[in-house]
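Below: a set of structures, written as structure tokens.
Both complexes below contain chain A, partnered by chain B and then by chain C.
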Partner chain A sequence: MNDGIKLSRKDFLKIAALGAGALSLTTGGLSLFEGCTASRRPGTMFFSEDEIKLTEAIAEQIVPADDWPGGRDAGVANFLDTQLIGSYRRFQQDYQKGLAGLEKSCADKYHRKFEDLAWETQTAILQDMETGRLDGDVWKNGFSEYFFELLRAHCLQGYYGSPRHGGNKNYISYKMIGLDEPQIVGENRSGI
Partner chain B sequence: MSNRHVNAVIVGAGAGGGVAAKELSEAGLSVVLMERGDWASYDVHNNDELLSQRTTVLGNAFGPDDERYRRVVVNDDGSTKVVVASENDYNNVAACVGSGTVSYGAMAWRFMREDFRMKTTYGHIEGSTLADWPISYEELEHCYEKAEWEIGVAGDAAQNPFAAPRNKPYPMPPFAYNKEAKILESSMRRLGLHPFPIPMLRNSISYNGRAACVRRRSCCGFACPINAKSGTHNTAIPAALSTGNCELRTNCIVNELVTDGNGRITGISYFDKDERKQVQSADIIIISASATETPRLLLNSKSKHYPNGVGNRYDWVGRNLQGHAYTGAFGLFEDDIFDDVGPGATIAVSDFSHHNPGIVGGGILANEFTRLPYFFTGIRPTGFPKWGKSHKEFQRKYFRKNVQVVGPIQEMPFFDSRVQIDPSVKDYWGIPVVRLSGHRHPKDVKGCEFLSSKAEIILKEAGASYTWQSIGGKGLSGGQHQAGTCRMGDDPRTSVADKYGRVHETPNVFVADASLHVTNGGFNPALTIMALGYWVAGHIAAEWQKGNRFT
Partner chain C sequence: MPIKNIRKSIKIVIIAAAGLLAVFGGFIVYWEAATPQNTCTSCHEIDGPASMWAESGHRSMHCKECHETAFSGGLHSLVEKGMMVVHHFAGSGERIIMLNEVQLAALLTNCKRCHGVEYARWLSGGHSAPYSAIFLNEKHNTAVQPNSDCLRCHGMFYEGTITDLVSPISIKGPWKILDPEQAAMPVIPCFACHEIHRKGSVAARADYSDPKKIYYSTPARSSAALFYDRYDKAHIETGSLPVLKLWEGERPVDVSEDPIQRICVQCHAPNAFHQAGTSDDRTPRGIHEGLSCQSCHEGHSNDPRQSCMNCHPAVSNCGLDVMKMNTTFADKNSPHNIHSMRCLDCHTKGVPKKRA
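Let's turn to the complex of A and B:
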């Protein structure tokens, strides 16, 4: 598992600003579906069929299933797919570059797709991405760490944010932590 | 069709500008209040964490938007990056009627006497432009009182032995402690500290025609669905409009001050909601657009008479940008503490605000606002996994069993922390944007380490099974507590405005927001900004009634 990861003391303070810092406006001018040439799964808006399978596998690694559903069943990939044509349009190029890079890294080293690899192997690959240890030109100049942080933050948003954005299906993460949601008029909206 | 000339135009309908609009229109001046945003509406604001003013990952719930607003940030290595409005580095202040007072946590702090006399209290600090304010706490006291009574504060100052003297109590009784605060109260008392209920710009009882608070978890960062939170949008601005003397223009983007051939500022030019360029002429111009946008407007107003921008003859506009590094500690407990009584923050100590050995200033320590689920994913002990199985387990195990004690450290003003105008990047309207650069003074880190260590002691005493500190940042300061960029002072060579907020170089241009702060206290600044609104506009109104037309 990823318990061996060493973090800086202030990493979590930056959480409210996830995605801040490393990007510029240069990706802001993309049209909605630019670069999205592969076949899309019916119902997806940004991801191709392959990309959504890969994204689901990543989301499951970020928030694994245990007694409670993981990122895949909570609809995290749907959250990402929704946001990438909305608030996260500016990250479209990063996702296409990063997901393609990950598939290539897996193909080069394991001759298999990421989602078909063993759970522990997937975890190790993501740990390598997090710490900038993946081979390949695409990961150079800090893109590896940057893209992992993007994925990590966005997956956590999809799992723990409001269901209205496409993730946290059936308020599952709120139920898991015992948070009374949704708030019902006349029931729990005013809590004292 | 040109706009009718008015006595005063105010740029920015936030904490300072909203108050100024009320004071001037009640004094009989004709006023136009310009706001770049719109009224916040219930249609778009609910309890969605990812679209709150506290967690802006999917955009700024109360503006400004990512499509039209951008800024340039200078990195430590001198390189630059362009950031959109919802990114942390943008240093956003809300763009709506009432600005941050709609969605703030609403702590209602008065600064202490020492906060107005930092240089006298602590002496010269190497590398800092630390100075005294040109006004004292005693001079501003009646303005604090007005803010507390007209906008509405709940609290009990008698429980805080460190509070500066006051003439009147708060108009509303304090809020009851939540469970987190009750646990901390006994711990603080055992340590010999002096806990008290945080004064809040929020109704603990029905007040001024608005309902009492119902303690929702989604309060800090959100609009109140029952209007129990007090801001200028539901107090001063409606009062201004009801005089018949004030017109509010929303969705209007002011781009520069208009100067005539003699160097007199005659008004402002702006883009209206239909993006038409317009001019509003006025006898008096009051800028209350925030400590980043106020200097931007002055610096963007270059002309023959003001080649470096208005008020910038001595290169002080935009300097000394400061905010608050937040610093503190976390504790994990064995028992449930989360009681879902919002907004969470209810208890504070002011024991560490001043006179700490080896520390310049200090700050309050308080229990933190409710940590909502996504926010809580970022709260893990040092070195703990940021994802995966154990990260999820931690979320499940400790969401209801954690306590956070945190406070804003008083920052040392730093001349090279600054707002400039970027030479090339422009916003949607073609207006050159803010360029931010600089970092905090090394003393601030010392203050943070000191305050965090105290926070951890409180948590240990409270019985936490595990504690860890978080130390406030060293980088560029600003954020929602941004201040200091048009400091007031008696000497035009070392300040931008005089003690009444009047820009030294001009007879009729005033600043009325946190830009005026010489220092920013170890407290949330909202009530002080409101008090300055009363102070500046009260002076203008009194002079106006004596016949002074500021020519």
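Let's turn to the complex of A and C:
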């Protein structure tokens, strides 16, 4: 009777290996999910947290707030984040290169991040970018002027375009220019 | 093989099976019990919608109660979730899980589980009309050819075009709905005006121990209704919808500030010149000018029949029994069309002075 209960070392190792395999499958699966979570940037699809902050600061410079919200509150960074994994995928490398270059330029010259600089200093940096006067290898061969134009065009698209593309939060620019959207136009001509 | 070895093998298998059962059982229990933040959003890149859901009135419901799983949600769900994997590795595409029209129609069962009264009222009203009632209407179709803009208000979740839906595209019938299963589906489901993920509170009794938490001390909630824009494939908050600017000739009409009315006028809209009474405009003018649609119409059934009693004859000065008047907009000859009647429509010789 007792023979059936006893397990040899070999059998014990078999069971242990099987159990360990099952456990590793399960925990491996769970850690895979957590691994995915850790590598993702919550709430964003392309930009990192730092890039989002930087892009928001740039968008606010391109479309500053006055009586109406500026580029930051209109969700221009979200527009860019959305489009850069969609229709604007071709600009991904430009943004990675340009944003990293901008942060480096600010760190080299001011030892601070772009978004932490004074408003006037931010403006001056973007003016230098527009006119190709920024220092650094990354800005050579016309990339400085090109990247500024790219930023300017995309920020305006994000601010004035349809909210369906990720920007113009709460139709803010439409309200600013007095555009009713969605338009109120009836189609009932049948008299029903 | 000796019996001893067979027994040993059986024991090994039983112990291994029990171990596996314990491990995978534990995993399944965790999967079923854990919050979506620890399960669904671990893989699906849906931080935005999931964050909204976490603050919504539906946060006690699990994702799969509406979205189902990749395998239980039909082909659409399987393809959509499969494409999320493709987009993840390609670093492209939107990763929002959108329910299609068939899934939304099935979801109405969930709605009525808790919102039975609202569901019943909606079912009894004009907004629950099926595709067949709208798109096979002879009076309409002989006057106006079925066109894509119809779907803006009648079939905002329809995934095809008007040519996929009805045939022929002509003012000459007879017309038919091309997909027979589509004919009975509602053109304006709950989701036309409601978003499941919208911010809200779960049902809870007022806490009378804290005066600040009693309902009349808390900030007023914005409307629970929104407008689903077919072209943007998104719900728009009433605060972001435009307020109707309406003219009667050159006179600006006083339009109610009620946010819900901004939804109504998206479909019950005047012509492009915004002239009162044109196209499908029902904005109150005359003696009822400035009133909201909801002053008379019940929110889900849109039934206005009991509304007259709310103000008449108690506030009426003339003593007329308004309940006996033909006030319906459907009767073009009615002198008492509730949306536009004036004092002089009845008092043609002048409005009498207030009774003492």
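Throughout what follows, the second predicted complex is superposed on the first by the 142 of 192 C-alpha atoms of A that agree within 3 Å, B and C clash if a C-alpha of one lies under 4 Å from a C-alpha of the other, contacts with A are read in each partner's own complex, and residues count from 1 in each chain.
One rule holds in what follows: contacts are C-beta pairs under 8 Å (C-beta built on N, C-alpha and C of every residue); 3 or more make two chains touch, one makes a residue touch a chain.
Keep in mind it's a predicted model, so treat the numbers as computed, not measured.
Look at A:I184: by the touch rule set out above, it reaches chain C but stays clear of chain B.
In the superposed model, A:I85 makes contact with chain C only, not with chain B. In the superposition on chain A, A:M176 contacts chain B only, with no contact to chain C. When the two complexes are overlaid on their common chain A, residue A:M45 makes contact with chain C while staying clear of chain B. Overlap of the chain B and chain C interfaces on chain A: residues 3, 5, 7, 11, 14-15, 18-19, 23, 86, 162, 164, 180, 189-192.
Interface residues of chain A facing chain B in the complex, by the touch rule stated above, are 1-3, 5-7, 9-21, 23-25, 28, 61-64, 66, 68, 83, 86-87, 90, 123, 126, 152-153, 155-157, 160-162, 164-165, 173-174, 176-180, 183, 189-192.
Listed in rising order, the residues of chain C touching chain A in the complex are 4, 7-8, 11-12, 15-16, 19-20, 23-24, 26-27, 39, 41-43, 45, 47-48, 51, 87, 91-95, 137, 139-140, 143-144, 147, 149-150, 152, 227, 229, 231-234, 236-237, 239-242, 244-245, 265-272, 274, 278-281, 332.
The residues of chain A lying in touch with chain C in their complex are 3-5, 7, 11, 14-15, 18-19, 22-23, 26, 29-30, 33-34, 36-37, 40, 42-43, 45-46, 82, 85-86, 89, 92, 162-164, 170-171, 175, 180-182, 184-192. Contact residues of chain B toward chain A in the complex are 47-51, 54-59, 66, 70, 81-84, 86-89, 214-217, 226, 326, 340-342, 373-380, 382-393, 395-396, 399-400, 470-471, 473.
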